[in-house]
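In structure tokens below, several structures.
Across the two complexes that follow, chain A remains constant while its partner is chain B and subsequently chain C.
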Partner chain A sequence: MTDRRRHHDMGGLPDSEPVPTREHLFEPWEKRVDAIKALLSDDKRNLLTTDEMRRGIEDLGADAYERYNYYERWISSITNTLLQKKVFTVDELGRKMAEIEARQEDKPL
Partner chain B sequence: MNQRHEHAMYDVDPLHHHPPQADLEDTRLTHHQVMQMAVAELLIEKNIVSADELRAQIDFMDTITPARGAALVARAWTDAGFKDRLVADSKAAAAEIGLDIGPIPILVMENTAKIHNLIVCTLCSCYPRFLLGIPPDWYKSRSYRRRAINEPRKVLAEFGTEIGHEVELRVHDSTADMRYMVLPMRPQGTGAMDEAALAELVTRDCMVGVALPRP
Partner chain C sequence: MSNRFAIGDSVRVRTAFPAGHCRTPFYCRGKTGTVTRYCGDFRNPEELAYGVYDGARSAVYRVRFAQTDLWPDYDGPAHDKCDIEIYEHWLVGEDA
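Right after this comes the complex of A and B.
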């Protein structure tokens, strides 16, 4: 029988890896992603539902889903949803990211 | 937002401990970190969120710890009526002690001598965040999501938790619309302990079901 599940739907699939019990404290950028998600979802803004967030993660495709870590998937989904809702444009995002990259270039190594 | 003045990731595994590494703070931002900063700055420029709101939200998240879930468990251990109300309607019961369980319903699953409960989210990472905080890495890991539902005893053994075969193991798969928290059994030998001392025994992992409280 063909398994027609999507990639994220992995419950019960064979896996011989032990559960990785090592933990890390959340990095500031991860907390900021979490905070952005919470604020966009609140009653004041109502710009991102849990289901929109899920859909964005599930639509990343198997390859990106595996390559990205957890909060990388989150910020990708948040960003795609905000683009779709025209909160900002691809151009604005591209310019802003280039600006942030350029600020980094100025950093002494 | 200045990435360089904040602490980089560090390891909390007690057997393999590294101090925070200052030099890591100066490593270059990843593509996704740049994306996060860009999104935050655009949202601030467009007056959708303010920098103060972002900071306040992060501060708020830092106050949401497993101590909230533990307070509910300790109250349930010392007040049978409260336990019944907690299992029947966790939102109303939590409100009795001034706790908000958040917008998504949480079912509290009671462990007994005959039933042990375990929670997972096979689809992603749904978790009773308002009671336990941000889910740990292993909860979101591929192997936990895959294995918790078909070989839960083996998974529990990896956490050092042995559940006798006479005990029925129930695994609850969380969704975006329904989350679960485990109400562990009060350990024997804790008869003299008060509610505050009992709450100290209740760890996050006990409320996910991968561990048992120890007196």
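Right after this comes the complex of A and C.
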């Protein structure tokens, strides 16, 4: 029966690590991902439900699920869902990412 | 919307393993608990997760389980409980 458990559904597994209860700071990009999600789900846009985002995270596969941190899972799922919904294309996304990367290289840290 | 279950009813979570998104934790499937609250009617996350935003609303219940029923090796106090909010289509009535 255990093999029918989906990877993300790990409540109560004996090898789960304890949940860290200490507050921690978020990176600026993580806050931005949170804001993007809120804007996509608002009444004006209504492009993405939390359920769709959860589904996308669950469908990343066990390997990516373990490798990505919390907001990396979010942005991966958001990206895949928006591609499926034709909000932007793979080509548009690729070009935009290259453009932003080039902008960062021009700017001394 | 008429509710199939009332507070105090004994209910069993369906032993089902759908491949897609659902909100019913694996660890409570097939387990029996008691309805303690009707939480309201909500759209089905199993539809919302796939772009169906206007599906029918369904009753959600808070169901109380004994921890010793959920976990065979539970070593905490015998009266410990676990409350889980579950959509109606995941529940079947148990004869009292």
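Quick note on the criterion: the second predicted complex is superposed on the first by the 99 of 109 C-alpha atoms of A that agree within 3 Å, B and C clash if a C-alpha of one lies under 4 Å from a C-alpha of the other, contacts with A are read in each partner's own complex, and residues count from 1 in each chain.
The rule is simple: a contact is a pair of C-beta atoms (placed from the backbone, for glycine too) under 8 Å apart; a residue touches a chain by one contact, two chains touch by 3 or more.
A quick note: this is a predicted structure, and the numbers were derived from the prediction, not measured.
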Taking the superposition on A as described, I'd like to know which of chain B and chain C A:Pro28 touches: first, second, both or neither.
first
So in the superposed three-chain picture, is A:Gly12 touching just chain B, just chain C, both, or none of them (first/second/both/neither)?
both
For chain A, which side has the bigger count of touched residues, chain B or chain C?
B
Name the contact category of A:Arg4: first (chain B only), second (chain C only), both, or neither.
second
Contacts of A:Ile75 with chain B and chain C, given as first, second, both or neither
first
By the touch definition at the top of the document, which applies to A:Arg55: first (chain B), second (chain C), both, or neither?
second
Considering only touches as defined above, state whether A:Asn46 meets chain B (first), chain C (second), both or neither.
second
Under the stated touch criterion, which partner chain does A:Ile100 make contact with: chain B (first), chain C (second), both, or neither?
first
Would you please give the residues of chain A that touch chain B in one complex and also touch chain C in the other complex?
9, 11-12, 51, 54
The chain A residues in contact with chain C across the complex are 4-6, 9, 11-12, 46, 49, 51-52, 54-55, 58, 85
Give the list of chain A residues in touch with chain B in this complex.
8-15, 17-29, 31-36, 38-40, 45, 47, 50-51, 54, 57, 68, 70-72, 75-76, 78-79, 82, 87-88, 92-93, 96-97, 99-101, 104, 107, 109
Given the complex with chain A, which residues does chain C contribute to the contact?
17, 20-21, 25-27, 45, 48-51, 53, 70-71
Footprint of chain A on chain B - complex, ascending:
1, 3-4, 6-13, 16, 26, 28-30, 32-43, 46, 48-49, 53-54, 57-58, 61, 104, 120, 122-125, 134, 136-138, 140-150, 155, 158-159, 173, 176
